[in-house]
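Remarks on the structure that follows.
Here the chain labels run A, B, C, D and E in written order, and each chain numbers its own residues starting at 1.
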Amino acid sequence: MEKALFIVLAVIAVASALNILLQRNPLYSALSFIGTLAALSALYITLRAHFIAAIQIIVYAGAIMVLFVFVIMLLNAPGDQPRVDKQKGLRYLAIPFAGALIAEAFYVIRSVKPISMPALIDGDRGVGSTWSIGTGLFTQYLLPFEVTSVLILMAIVGAMVLAKREND
Amino acid sequence: MIPLSWYLGLSAVLFTIGAVGVSIKRNAISIFLCIELMLNAANLTLVAFSGFFGDLSGQLFVFIVMTVAAAEAAVGLAIIISVFRNRESLNVDDLDALKL
Amino acid sequence: MGNYLLTVLILLPLAGAVAVAIAGRGDGTNDRPLKWTALFFSLATFVISLALPFGFNPAGGLQFETNVPWINAFNLGVRYHVAVDGLSLWLVLLTTFLVPVALISSWDSIHRRVREFLIVMLALETGMIGVFVAMDMFVFYLFWEVMLIPMYFLIGVWGGERRIYAAVKFVLYTVVASLLMLAGIIAVYYLHGQATGNFTFDIAAITRDIAAGTFDMTEGEERWIFWAFAIAFLVKVPLFPFHTWLPDAHVEAPTAGSVILAGILLKMGTYGLMRFNLPMFPEASRHYATLIAALAVVGIIYGALVAMVQPDIKKLVAYSSVSHLGFVVLGIFSFTDQGLQGALYQMLNHGVSTGALFMIVGMIYDRRHTRLIAEFGGLATVMPAFSTTFLIVTLSSIALPLLNGFVGEFLILIGTFTSGVLPRAKLFGSLAALGMILSAVYMLWMYQRVIFGELKNPLNLSLRDLNGRERLALAPMIALIFVMGIFPGPFLSRSRTAMEAIKSRVDHSPTETTVAAGNPVARMDTSH
Amino acid sequence: MLATIILAPLVGAAILGMFGKRMGERAIGLIACSTVGISAVTSFIAFFTRLLPDADRRVHEHLFTWISVGSFRSDFAFLLDPLSGIYILFITFVAFWIHVFATGYMHGDKGYWRFFAYLNLFMFSMLTLILADNFLLMFVGWEGVGLCSYLLIGYYYNRDYAGDAAKKAFIVNRIGDFGFAIGLMLLFLKCGTIFYFDNASQGVRGAFDWAMTQASEPLAASMIFAGGLTTIAVLFFVGATGKSAQIPLYVWLPDAMAGPTPVSALIHAATMVTAGVYMVSRASSIFVHAPTAMLIVAVVGAATAIFAATIGLAQWDIKKVLAYSTISQLGYMFLACGVGAFGAGIFHVFTHAFFKALLFLGSGSVIVGMHHEQDMRKMGGLKKYMPLTFFTMAVGWLAISGVPFLSGFFSKDEILYRSYTTGVLPDPLPKILWAIGAITALITAVYMTRLMVLTFWGKERFAGDGHAGARHEGGKGRGGQGHGRDESHQAVTPPGVGPDEHEHHSGPPRESPRSMVIPLIVLAIGAAFAGYLGVPEGLSGGAIPNYIERFLEPSIAHLPLAARGAEESHAASVEPSHAEAPASAHAAGGDHTTEIVLTVVSSVLALLGVGLGWMWYQRKPLWQPPRLLEEKYYVDEIYDAALVRPIKVGSTQVLWKLIDVRLIDGAVNAAAYTAGMLGSALRYMQSGFVRGYVAMVVLGALLIIGYFVIR
Amino acid sequence: MNQIGINYHAVLPEMITAVVAVIIMLIDAFSKKLERRIVGSVSLLGIAGAAAAVLSLWGRNGETSFGGMLVTDDFRLIFSMISLIVTFLIVLISLRWVDEEGLPKGEYFAMLLFATTGMLFMASANDLVMIFLGLEITSISTYVLCGYRRTDPRSNESAVKYFILGSFSTAFLLYGIALVYGATYVPLADPVATTNLVLIKERIAAGNLFSEPMLFAGAAMMLVGFGFKVASAPFHIWSPDVYQGAPTPVTAFLSTGSKASAFAAFARVFILTFSAASVGAGLSGGVASSLQAVSTNVLVVMAILTMTIGNLVALVQTNIKRMLAYSSIAHAGYALVGFVAMDWRSVAFYLLSYVVINIGAFAVIEVIARRGDKRTDISDYAGIGFQSPGLSTALSLFMLSLAGIPLTAGFMAKLLVFKAAWVAGAEHGMPSLYALVVVGVVNSAISWYYYLRVVVAMYFAEPATGFKAPLLSKSLAAGLILAVLGTLYLGIMPGRLLDKLEQARDRISVVKIKQ
């Protein structure tokens, strides 16, 4: 049952991921990517990462992807131009590369010992819960958490500088 | 019970798709999407480990990664915008003035 | 700590360079004050350096020594260790002597960028003195490389048509080789440190430990490192077949550059062989002596034959250097007193004679802006003093007795011929002696075509003879040519112990016995 | 005292070299002659006050140690012994008179000071060569005279042929010096010293004293390369062939006539060219232990003698005839050395110095009188114009021809006799050598007569052509001679440099000034009577002692007894070699008959030669000699084709253009080029396309991950 | 709260730079005209303050704070100082430039300081998350800086390429981190899995891992990520294009600061964590040494490729910025030589020397290039040697120093890394390290050619037309003089610095001391 759910979600995730590649219009790619994000979010729930699952939807699918879509609309850019691909060879190279990468990954994964998820001990305070995340962020991860503020501030400034018009 | 390796496998597949996408897509935004996909693949791995090990730090890491992704998105899109202003094109193959 | 004389010698030209650099700008037309400043500093250096031979104790050993730690970290053990011994004494003097002479000789021939020219010359002098007095491999390498740069500029900025090609070729050739030496230096440093626990670049210390047997490289190590050093030096010498940078560099370099290049830079190769290869790698030196001696002999004959057919005087002299330096290398690898002393002496001689030759070539180049032999002929008619000087220098170059070249060349030949360590010594000695004939052939033929004959080229009719400045530049060279030819004693006696030390390092071999059996010389030795 | 002999001319040379340019001819002449005069006088004083009273007959004088490295040592030290004593006597004497002659001959020359500076320098070098007490110092003089010879041959530097000749002389000499130098080194290797004799006061050992302790080496070709005494001797002889113009290195001497005539007289006849003989005699203690070398010396000497004599028959240039005659006479001297008669060789050197200097100076006088014409075809009948020159030259002519009771007769006769009777060489050889020597004597008489006849007798061939015509004749002669270099000797001196171009342009020949004639007379007296110092003892029946040979005795080595014993089996019938000791020859009076017979034969030959020459050339003065002889057996051409050209072409095309430029530089440049090509190739990785870069990163990542995972 | 070790002192340098960046933005926001003039001084002061803070931390070996996120050891402080030196010099050389180009000034310096903050974190990180964060802060701010001249298509292109490839490689790094995290799982341990480097080190050393191949795969992917950041072959591919297109001071910053800090993180992970050598022999398990062996092998190949490709391609460049980009690749290769020898001290010295020299070189290039990076071809340098002697002498010095002429920093640096590799090769019996030294030496020889080309152009070639000696601003002159002095100081009198470096301890030595 769980496995079936996993398979469904995985198929959705992979399919929409592949769709990103297949779509010429970036807008569709972006929408397709939201599908992947959603599927992943659901998978996170199966991993008891409720908080992450939530912000995956809210922040990622919501905020970030909206930004993407917004930019795409703003630029109103044509998709992958119909012109000849200057690097057509890469397409054919991509398949063996992908194959090799996956082969290597599975070689590694094969070695993973089967373990099961630990039993739920403290209910809604368990790993993955908002409480746990909050605690973690303000103890162990205090510094990274604070540093992200620097990161974001910097990103804002950077984006502003780059994107503002010349006459500003 | 879903084995850990399934999650890892899915993650690897997504990562691969992302990597392939980066090298075959021509639209800068699509390429960027593929990169986001790769980050998500990594996130999946982290969350999977975190969940199976019962260790929080993986998820905290994912939290940080999402912030980074957001920041990256902001800057990346800004760069793309500024390029588009100059070139009216998002095709990265047009960006070949600097080479050899 | 001791004596700062050598440090002063090293720094004085540099100070001169700085003085020239910051001296008043003027209107750019009058650069005489600059020249005088540079000349003053180089002469001061020379005068101070005169204290060396007079204060030198012929008993040998390192003298005028300064030895202070420089970089200690990481077991580097670099020390600022400078000193002179019998090997470097005269080479330092040659350097301090040739630089002012070269400056005088190019007093009026440099028209562009005079200030920079003077700076470069003085910087070069610092580098050259440094190479000869360094007693720490690190310091040695430092000066060795740094010296390249002024020379590079000298060729590149003030050189002839193909100066860029020549300058780059010169630097690359040398750099490739000297990087090999760097690898060798590191290897010696490391192996020595491993064996003795004393991580140091000190040449004297390492040589002493090798001699004492406390630092014993394996045969393979010794041979590899030997070549790392040897190639660097042989390129610099230059020994056949590493010589092809030399003709280009010489032809393109301005007169002063050629004088310094031939006079001093080439000596650094042979100096290095005597300073490093023989004392540090005696077994490898013996093992490869045949090969190197063979190359030296090939170089002697080859250089002479190629010199013979050169249409350009400077190129001819350049190839003659290949031949002459072949003698030096041969002498070094004869491992005899005579060979080593002769090699050292020949280094000095070549510095004087070839330096003078290049000055002479420069003088006619200044007048005619060509160096092609075919352009000349009959100069004796219009330039008698020039011709006489030229003749003396030519004869010195072909080793006429009573002129300096002979003493060195003959000692080398006899040292080679009688060497008991070098295999097939007699063959090498005899073949090298062919160089004696050939040098006469190419030098005299050139001299004849330039000086003798009818004055056919109308452009040569109005050539003026040497002026006072040129005479002033040449006079000390000519004087030295005679003094060194007739009274080699003071020179040789100061280098004796150093050479004997080198010889004993190599000679000290379990397999080889003495020189020719039944040699009664040994007994005679005690008599004087 | 010995130093004074040597240094006086050096001082003269230095003064003239530095200040001569601003001095007048008289002052120059005075300095030049006086310094040589001082040498001459000092030589005589030294000879009589130091040498003769000395019991050992060896006077050492040490100036300073020149080179001392390890066991090698060479000093500026001099040795006066009978051999060097005789040499300095006649050298300074002859040289003095030649100097005097030259003051007249060179009159008006722009380079007057230069000429005498060189000449004085030559004297310095020559005396150093002779008086040195070790081989290296001898080598110093040896090279020094070579240098001066170079300078003086090339004295007329603006004539191409002079430069060529000078260079040729120096280089050919260097080839000989090469042998000398190696011999010297080998000697040092063998015995550890290059001093001649033991000298306790200086703490040096002598090579000759060492050599006398060595066993004589067998007579075998293999000994030449054995590295022993034979090898040393042969190498020394190579040096001697260079300096003394023997086969195969004689080629420079005829060309050397490009120098002023006094030079030819002094250097290329009387003194320098005999240095080889001096050296071989000096090293006699080595040679006597090396019979193979002796054989080579004798054969080469004899061959040179006849070879050069035949060429001398066919030359038109008066100085060339004398040059070949010099070569031929030098051959005699080596023949003497080769048969062990070193004393006879030296004696011939001695007499030859007089008569050949005389002949050269005479020819110089003729040349000046003929306004620098050297072609005998344009002379003739000069005796009435230049009587003194004619008479003095006639003495020289008869002396060299071996006409009895003149100096040449005695010395030549002695050599022929010694060759015939030598015990050094295996049997048929002495007779053959004698025969060659005798025939050479005949030819000598013929060509010398030819010279005299063409010059002094017969029709005046110069009158018709006039002086200007001579040049055109030169052009014609060039065609005949093939090379033209020799013929161009006839060309008058180019403007500005010739000795006397402003003085006499034309006019009849006339007698030379006093400064030139007096030396002729002095030398003529010498040429006539010098022989009486060494009258062969057999000839006078022992009545007149052979002063020279007796006197030389301490300087000359003889075959060690053991070796001689071996030799005797070869020459059983022959009298024991004279080389053994003059005393033995003295005692064996019975054999004087052989000597007398031989003397008669050679006298007859000499007279026959003179007669033949007289009759033939009186009748046909311009008889065209065989082409082969006139072209000197094409030796120059052969050398050129076999050696000079291949070396030049090989050096240019193979060594320089191929090996240097193509191979070595090619390799260097190829390395640089390869690096550049690699760079150019690698830069195409940098296509400029991001996606390409991505693919590259992926590929790298794949490989690295693969390696990490699979290991 | 003290359990997690909140220690403001330990994070003071990073705080100062970040706060100063904010202050600059505030100044910029509130007073456009007057205040802009002090932006530069404020930045310099801030950097100086940060440096003082770094120095005040000296001697606290191995102290960790913020729950093990930060570590204060000499390793950190040394690399922090390098980063601060870089930023200081870059500020100096870009003060005038920003004005001339008419670019937003406040934001520029703010971005620089943010980047510096990131660099400082990379040096001080003791946890993979901090490394990741620091790296991202630096990267993202440099993406912005590359594209800073918005109207210039080259700048755009540079930014896009850097951004795409940089994020791409970040993904690899992140995935690698994830795998390493997974591999460190030890049931019932505390914590069960970790991203803390000390713990990772201990678990690897103990050989107690969840999955060994996973660790290796993770390490490999991290190697890709770091390899990209330090621009080593085959991941160097982005750098020529990016360096050429970016504004010159930014290129200087990228090729020095961002590279040096990437090396710091790289070394922290691969030398101090994923290795067995510097831990006592008793500790080293099979996993640790085999991981080290594997990464060493790969690094040897990478170093060889990096040096060779960098130098060979630099040979044929005509644009000086691009040439220096390839040279920068090559220098990363040399630094990797020391890296392979597991000697971070020599790497640190190498980087210090390199940054000083390279910033100096770029300062000259910036001045010569003029507005809009117009004159960046080597042919533009023809004959300027005697028209602009100061600049040309300085540039020659830098070129020669990059080539490795003794008495300059470049030589000492090369000597140290080569020596380190040689010694390591001898001690561990690894011939591949000898080979590395040989290749390095050969490459140095090759490099002479293209460095000298600049000198040739400046002094030997006929002057190009239209060159006017540029006026130097005081700040740039100061930066240039500092660079020259630094180059000479490090070359002539490196003794004291090397002494300090030799005594410098890293966390591993602290760990060893503990045990």
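Note that a residue touches a chain if its C-beta (ideal position, glycine included) is under 8 Å from a C-beta of that chain, and two chains touch if they have at least 3 such contacts.
Owing to the predicted nature of the structure, the values given are computational and were not obtained by experimental measurement.
J.: Quickly list, by label, the chains bordering both chain C and chain D.
T.: Chains in contact with chain C as well as chain D: E.
J.: Looking at the contacts, which chains touch chain A and chain E alike?
T.: B, D
J.: Comparing chain centres built from Cα atoms against the global Cα centre, which chain wins on proximity?
T.: Chain C is the most central one.
J.: Need the most distant chain from chain C, centre defined as the mean of C-alpha atoms.
T.: A
J.: Please indicate which chain is farthest from chain D, where distance is taken between mean Cα coordinates of the chains.
T.: The most distant chain relative to chain D turns out to be A.
J.: If you tally C-beta pairs in contact for every chain pair, which pair wins? Let me know.
T.: A-B
J.: Just curious, how far off is chain E from chain D if you go by their C-alpha centres, in Å?
T.: A distance of 79 Å separates the two centres.
J.: How many angstrom lie between the centres of chain B and chain C, each centre taken as the mean Cα position?
T.: Inter-chain centre distance comes to 65 Å.
J.: Distance-wise, how many Å sit between the C-alpha centres of chain A and chain B, to the nearest whole number?
T.: Roughly 6 Å, centre to centre.
J.: Averaging over Cα atoms per chain, report the distance between chain B and chain E in Å.
T.: 25
J.: Enumerate the residues of chain D that touch no fewer than two other chains.
T.: 672, 683, 686, 688-691, 694-695, 698-699, 701, 705, 709
J.: At least two other chains touched by the same residue of chain A: list those residues.
T.: Residues 86-87, 90, 93-94, 97, 101, 104-105, 107-108, 112, 115, 140-141, 144, 148, 151, 154-155, 158-162.
J.: For chain B, give me the residues that contact two or more of the other chains.
T.: Correct list: 8, 15, 18-19, 22-26, 31-32, 50, 53-55, 57, 60, 64, 68, 71-72, 75, 78-80, 82, 85, 92-93, 95, 97-99.
J.: Could you please write down every pair of chains that are in touch?
T.: A-B, A-D, A-E, B-D, B-E, C-D, C-E, D-E
J.: Residues of chain B touching chain E in their complex?
T.: Residue positions touching the partner: 8, 15, 18-19, 22, 28, 31-32, 35, 38-39, 41-42, 45-46, 49-50, 53-55, 57-58, 60-61, 64-65, 68, 71-72, 75-76, 78-80, 82-83, 85-87, 92, 95, 97-99.
J.: Can you check the complex and tell me which residues of chain C touch chain D?
T.: Checking each residue of chain C against chain D gives 169, 172-173, 241, 243-244, 302, 305-306, 308-310, 336-338, 341-342, 378, 380-381, 395, 400-402, 406-407, 410-411, 413-415, 417-418, 426, 429-430, 433-434, 436-437, 440-441, 444-445, 448, 451-455, 486-489, 492, 496, 500, 516, 519-522, 524-525, 527-528.
J.: Quick check on the complex: what are the chain E residues that touch chain C?
T.: Residues in contact with chain C: 345-346, 385-386, 400, 405-407, 411, 415-416, 418-419, 422-423, 426, 437-438, 441-442, 444-445, 448-449, 452, 455-456, 459-461, 494-495, 498-499, 501-502.
J.: Once bound in the complex, which stretches of chain B touch chain A?
T.: 1-10, 12-21, 23-27, 29-30, 32-34, 36-37, 40, 43-44, 47-48, 50-57, 59-60, 62-64, 66-75, 77-82, 84-85, 89-91, 93
J.: Which residues of chain D touch chain A in the complex?
T.: Interface residues on chain D, with respect to chain A: 689, 691-692, 695, 698-699, 701-702, 705-706, 709-710.
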